[in-house]
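Next come two complexes built around subunit A: one with subunit B, the other with subunit C.
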Partner chain A sequence: MLLPFVIITDLRKMELAIELILFGILMGLIFAFISLGLALIFGVMNIVNFAHGEFLMVGMYVGLLTSTYLRLDPFLSLPIAAAMGFLLGIASYRLLIKDILRGPMVAQLFGTFGLMLFLRYLAMFIFGPDIRTVSSGILVGKSVSLGWVALDLSKVVAAGLCLGLFVVVYWIINRTKLGRALRATSLDAEAARYMGIDTEKMNALAWGIGGATVGIAGGLLAHFYYITPTVGMVFILIAFATVALGGFGSISGTFIAGLIIGLIQVIGGQYLSELKFTFIYLTYFLTVVFRPRGLFGW
Partner chain B sequence: MGRILGDIFSFGDRPVSERIGFIVFILIILAFPWTVKLAYARAVMIKFLLFALFGLGWNLIGGYGGQVDLGQAKNVGFGAYATALMMFHWKIPFWLTVVPGMIFATAESFAVAYPMFRLRGHYFAIATLCVALVWKELFVFWDWTGGARGVEIPIKSTPNFAYMQFGAVGYHYFIFGLFMAQFLFMNWFRKSKLGYELQAVRDNEDAAASLGINVTATKVKTYCITAALGALGGSFITVYYLYIDPDLVMPLDLSILIAMTVMVGGAGSIWGPIIGAAILIPLDMYLGAWLAGGGRYGIDFMIYALIIMIIAAREPKGIWGIVERIKKSR
Partner chain C sequence: MKKLIVATFLSIVLVLSFAVTAPAKEIKIGVLLPLSGPLAPTGKSLKEGADLAADIINGKYPDLKISIAQWEGIPSLGGAKIKLVYADHRADAGWGADQAKRLIEDEKVTGLFGCYNSAVTKTASVEAERAAIPFVNPDSTSPALTKRGFTWFWRVTPHETWFTADLFNFLDGLAAGKARGVGPVGKEQINTLAVAVENTEWGAASLTEIEKFAAEHGYKIVEALKYPKEAADLTSEARRMMASKADCYLFAPYVADAILFIKTLKEMRATPKLIWGQDAGFIVPDFYKTLGAAVNGILTRDLFSPELGKAKPEAAKINEMYKKRTGFDFSGSSARDFVGIQVWAHALNSAGSTDPKAIQKALNELYISSDELIMPWKGVRFGSPFPGDTHQNELGSGVINQYQGWPDGKLHVIYPFEFSTANLIYPFPGWK
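Then we have the complex of A and B:
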């Protein structure tokens, strides 16, 4: 008598499991993409950028503003978001990071921390504390259905773009002359200078590329996530956990770790939604304590 | 015993100008409620003393220890919640709730300290931040602690010393007493064996270890003392505001502000936290209130951020570092 019920509930469970895994992978790709710039900057110059989440926030506001004031589709704002992120990265390096790199560890920490606060409260000053969303655009509010699972179209596109851009960044770092110069700078800046590499330029470029990738991520995130000046805090901690799990500075590690964190967050959030970030913080904590190199670090 | 008392009250190693300056500072604070009647100015003064107290505590691990702890708000929260919950659920007088809060904060810090101090630099800072945020989420989640709604302390109709409810002047002297007690403790600590060991660990861990100092034990002890001092300030917050919730006593911004007052004033110096709080707190309360009145938020934090960036880039020793350099150059 009970057998059909068991099968039905099992099917439901299966469906739910597949749905959760799909959502987790989508979120994971997005997390990985958000974390990419952080990993890149850490890899090249061994400094953790606390303002990374605020770079993301800037990208989100670019998406919001181009769609509200320029009446452009937010999807078309991605190049603008990338350019803004690039300039922001370069400007941060030239105006602040260059100076704090000479100081002690504490100064480095507080320097990027100050940058984080500055950008966040600048946004608060300009836009106020209100929560906003992007309401129109070719991707907003649409979904694709795979059988019984309906996936947000903007998330699917974001995940797809993330995959593509990961490949591009991986290719730049590992296959081009520029990437070789960046890697040389990260291994031994002094020796790189002797080889005629302009390490100052490489550092600035790492910040530029890091800023550009997270700017694009922000532009994509604006499609389906609420936008406030303080939104960076949520994602900076996810990015820290991702980069730590992947191994600070490892690009492919960041990718895998992003997927794992995405699954942890989605599956944890399904059962204990109030504590979904706690799982991520604990992941960071357990990773750095028990395996400080991360999964793929060196 | 006599030696300990001597170390507590002696400022013999500081120049005469600093000793006179500190006496003037004490006299100003003592005379303050008699000369200033404005309620807002009194509130600013109490908040300044509170953050000077927090800064003195954080200066232990952050200044003398050189470990950037971005989770002090969790300890403030433990103190505040211990007092609030014991008063609210069981009607226990204030004075009996302070020590349990400090003990809880110490025990929690001891429990997480050993794994935590396997980490250094950025890894440590982010880990402290994560632990503090986990606790905040748990307090939001948990019904017994009032969840996100927080805890309201029943108000007594008459001034009451068991529950520490009285007017602004009373709170002024109360927080000043706590501040002085902690200041004198710090004055002893910086000259104690642990204090010297800690500074040796900060300056060079390997050299300290080769001299037979147990590096991890030194850090752990300091971390626990810092936690207890944070909880003390938290207990004061409960009786001062008579209302607490996780966003008031455990937010990340509080951890940041505590660390920043010390960094701005001068980490690792006994005057640094007081100078930092004297600059940042009035800036926050006057500028913030004035601009928020015009519908503009955040400019106070932007100024904080600029100050902290300039200090990080130009003068990592803070304002006290500038003062000392000027003195040396003369």
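Then we have the complex of A and C:
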């Protein structure tokens, strides 16, 4: 008598599990890609970029402004967001980071913290505190049905693109001459200099590539998330938790950690929503205490 | 020579004594608002409401038939101007208390005003209580705030108990066929509720009130969740609401999470029969500006509608002034902050002094009639309208509005049914 009920219950449980895993992977890929630039910059230069969330915010505003004023589809504005992120990264390095690197560790921390405040309040000055969203675009506001579950098309495409770009960055770092030079700089900058590598250029490039990836992440996020000068605050702590969990400087670690954080926040939201951040930061805390180098760090 | 010294001494004493006894030319009121962070858009609109009230009090507006518009300052204080000294509390209860202390000790404000977030109002008002200076709260709605027995805290806005009672009276009326343009729906059609609230003081208080009234009115809560308002993603929360198959979705969100929740529900193609928001995030301009047509059919408890201007011509004029400055109509929140500064002005005028005790007495005895206000209230008078309340305005009331015809539409009054300005759109039309 109870068999049909048990089957239905199990079917519902299975559907729920599949949904949660799907949602978790989608958001996880996006979190991982947002965190990639942070891991990259730390990997090459051992410096934590507190302004990373603001770089993301710049990418989001690029998506918004190009779609609003140039009537360009926000998806097509991704190369512009990447270019802006790249230039912002290079400019930050040349105008600020290069000099504070000579100072003590605390100067580096306060330097990027200052950059964060500068970018945030510059945006506040230019755009005001208003919340905006991208209202039109080939992906905006569209859903795709996967059987019983409807997924936001822009999230699906964003997650797919994040996966693809992760592979590209991984390939650049691990399979190209440029990547070898970046890795050599990160392992021993002085030795790399003796070997003829322009470490200054490598540092700038790390900031540029980091800026470009988070710029693209911002452009993708603009499709489905609200945009405001303080939006970086929402994501920077998640990015820190992701990078710490994956291992500072590890690209593959960031990827895996992003997926784990995505799943934690979705599953946490399902069962104990008010504590969903607590689970993320607990993971961060436990990682720092028991495995400070993270899952894949050195 | 001796006469000259005596004359000089007397002149100095005279000047000094005049400086001490002369009415202040400026009365500083410390205003605590969320001016940065995700609530900055809300904070900005509240500041604009308070600024407009201060400008009307300090200037002269003969066309406005309310008393503060004729005053050019506080009459009983020699025309002293009101100066609002702002502090950003970042929606952080600890920081808000620090800022309240700074305003009291460093800025030497006459009193405090704010803070919108109930959690911040709770901590900041403790500082005012310690310092024994008046704290007028125009816009925080956690019922607990006026149940602490504070002697220096007055709340102008109605609180959640009123609003939640309004919601369930509205649902009962909808079931019974009292809603304009809709026949009897039957209680079984709207009997199940899914509730999502942000997880600070205000959201938690809203949920408690909803649970209490749902039990009293015979509605069933099939899902209730609290979520962090700074969430990067609300997919699983939206999924829970949908999985509950509830007839009505009820929310108590701030603005950023309200936008994210509705966007997520839209993308997941949720189909509730009714969506209702507990004011706050649902009435901030950013909500309807960013969501556009997606807000159509959404109900929100509110305190103001531009449509009320038809019954209150002064409200229409002041709303026009606000709109000219900001590009938007008053929201229930910005209108409340306007009224809150008005309350400060009336209290100062009645007190005739900036002495805290005189202001305390004036606030305790204050009465402002309905025709002085832009709100659809019977007036302002502090008392104990619900058990345990102290210094709570007992003449306030709320409305339930519905977004219709957006992006260029209106926020129509739906409840009280006798004041409705349009037919109710029911069931919720869904998103295409």
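As a working rule, the second predicted complex is superposed on the first by the 295 of 298 C-alpha atoms of A that agree within 3 Å, B and C clash if a C-alpha of one lies under 4 Å from a C-alpha of the other, contacts with A are read in each partner's own complex, and residues count from 1 in each chain.
The rule is short, and it goes like this: a residue touches a chain if its C-beta (ideal position, glycine included) is under 8 Å from a C-beta of that chain, and two chains touch if they have at least 3 such contacts.
In this text the structure is predicted, and so the values were computed from the model without any measurement.
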Clash or fit, subunit B versus subunit C on superposed subunit A: clash
Touching partner for A:266 - first (subunit B), second (subunit C), both, neither: second
Which superposed partner A:284 touches (first subunit B, second subunit C, both, neither): first
Which superposed partner A:130 touches (first subunit B, second subunit C, both, neither): second
Subunit B versus subunit C as contact partner of A:146, first or second or both or neither: neither
Which superposed partner A:104 touches (first subunit B, second subunit C, both, neither): first
Subunit B versus subunit C as contact partner of A:233, first or second or both or neither: both
Touching partner for A:118 - first (subunit B), second (subunit C), both, neither: first
Contacts of A:274 with subunit B and subunit C, given as first, second, both or neither: both
First, second, both or neither for A:178, with subunit B first and subunit C second: neither
Clashing subunit B stretch [against subunit C; choices 3-11, 21-29, 39-47 or 183-191]: 39-47
Doubly contacted residues of subunit A, that is, touched by subunit B and again by subunit C: 124, 128-129, 229, 233, 274, 277
List of subunit B residues in touch with subunit A within their complex: 66, 68, 115-116, 118-119, 121-123, 125-127, 129-131, 133-134, 137-138, 140-141, 252, 256, 259-260, 263, 267, 295-302, 304-309, 311-314, 316
Subunit B-touching residues of subunit A, taken from the complex the two chains share: 48, 96, 99-100, 103-111, 113-118, 120-125, 128-129, 229, 233, 237, 240-241, 244, 274-275, 277-278, 281-282, 284-285, 288-289, 292
Partner subunit C, residues of subunit A touching it in the complex: 16, 19-20, 23, 27, 31, 124, 128-133, 135, 141, 143, 150-152, 155, 224-226, 228-230, 233-235, 238, 265-270, 273-274, 276-277
Partner subunit A, residues of subunit C touching it in the complex: 35-38, 40-41, 43-44, 199, 225-228, 230-237, 239-240, 243, 255-256, 259-260, 263-264, 266-269, 286, 289-292
